[in-house]
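Can you read through this structure? Questions will come right after.
So that you can tell them apart, the chains are marked A, B and C in the order they are listed, and the count of residues begins at 1 in each.
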Amino acid sequence: MSSIEERLAIIEAKDEIRELTARYCHAVVDGDVEAIIELFCRDGVFRMRNSAFTGHAELRQMYQGGVGAKTHKPFIQNHVIELDGPTEASGRCSVEIRIFQEGTAMTAAGHYLDRYRVEDGRWKLADRFYNAYHLAPWETGWTR
Amino acid sequence: MSSIEERLAIIEAKDEIRELTARYCHAVVDGDVEAIIELFCRDGVFRMRNSAFTGHAELRQMYQGGVGAKTHKPFIQNHVIELDGPTEASGRCSVEIRIFQEGTAMTAAGHYLDRYRVEDGRWKLADRFYNAYHLAPWETGWTR
Amino acid sequence: MSSIEERLAIIEAKDEIRELTARYCHAVVDGDVEAIIELFCRDGVFRMRNSAFTGHAELRQMYQGGVGAKTHKPFIQNHVIELDGPTEASGRCSVEIRIFQEGTAMTAAGHYLDRYRVEDGRWKLADRFYNAYHLAPWETGWTR
């Protein structure tokens, strides 16, 4: 059995990691690219099926070209977190995204497969893989 | 470093505040105006860009004229909470709302900027500002 | 006043129960019927207004005929949990579901009224009642 101190530290870590993903959503809504970048480790990665962006410089470029224009409103839910020691963790969380881009309302959904790591005393995103379910015009909805 | 007792109290406070916002959603869905009012401090405020309702009497009138008819289904997510001592806190959380009003399905989204305070031994809403992203007919979706 | 140990155990139980409902969503998205079943007590029940499925055999049949084809993406939110001793709890949580069935995008929403119980050392679903708000084609939206 773990000590009270160890058990409490696990709960605190999970609480901070859940807020990390919530802060990510708020920063995306605000179009605050520097705030998004600060949530990633210095060598942090954002990956999709056919692309990957590694480190703050690449991430900054990716986010500036994307959500920097306040096009996306993400809503993260269903978070499951597994701690791997005091400074490493992994998680899966679902996301729904409201998008307004080029005059068109769109809806997206998927889930993130995340790696988290403590850097500079804070839990940060070490690796975020976006597994997309669909991205569709709001008016017609998804077709898979 | 805080004591175990202090650290646990912070986690408990955040847990109760998250459930406070969930209870708010359930009370709105149920159209239970008295349950909603009880979640606010006696001098609690609900604010939108161009209006504010202060204290239980004004809040009761506002909610009775609105969600009392079970028109709204809110879904609150992405909650970040900052404690300011043992009885004061602030938070930001996102919300999506399914609405059915005057025969029309509508969708809304935004975020709440909240102040929480302990009153009568429970965390309550001291001030809730609704920052709306959009409110749109479901069929066409948002236009900003 | 409860001891630190008791208070921490309550927080841990609620954390595990929230992840239980998140794991449920992930298993449904993955169409992993055995993973869903393992989240229920051996005599666990899933109920809707006009039907009930009791025990792993009935649940397996129900889920295999339904979400096993990866038709549903549930998003669970607004979770309120009440502990009734160390091995029993109840809860209410909201759910939005993205559905793709027979070539049609649909949207559903409702809330679950849950009973949870510890079995084999883990919190599991003892009884889940789905209170549906609506199930509608995405294109037209809900009509109540």
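Everything that follows uses one rule, which is that a residue touches a chain if its C-beta (ideal position, glycine included) is under 8 Å from a C-beta of that chain, and two chains touch if they have at least 3 such contacts.
Quick caveat, the model's predicted, so the values are computed rather than measured.
When the CA atoms of subunit B are placed over those of subunit C, what is the turn angle between 0 and 180 degrees, to the nearest 5?
C-alpha superposition angle, subunit B on subunit C: 120 degrees.
Validating interface symmetry: for the copies subunit A and subunit B, is the fraction of residue numbers used by both over half? Same or different.
different
Taking each chain's centre as the mean position of its Cα atoms, how many Å separate subunit A from subunit B?
Their C-alpha centroids are separated by 24 Å.
On subunit B, where are the residues touching two or more other chains?
4, 8, 11, 75, 77, 96, 139
Flag every residue of subunit B that touches subunit A in the complex, lowest number first.
Of all residues in subunit B, those touching subunit A are 4, 7-8, 11, 14, 75, 77-81, 92-94, 96, 109, 111, 133, 136, 139-144.
Which bits of subunit C are touching subunit A when the two form their complex?
Listed in rising order, the residues are 4-5, 8, 11-12, 15, 19, 21-23, 25-26, 29, 73-77, 96, 98, 100, 105, 138-139.
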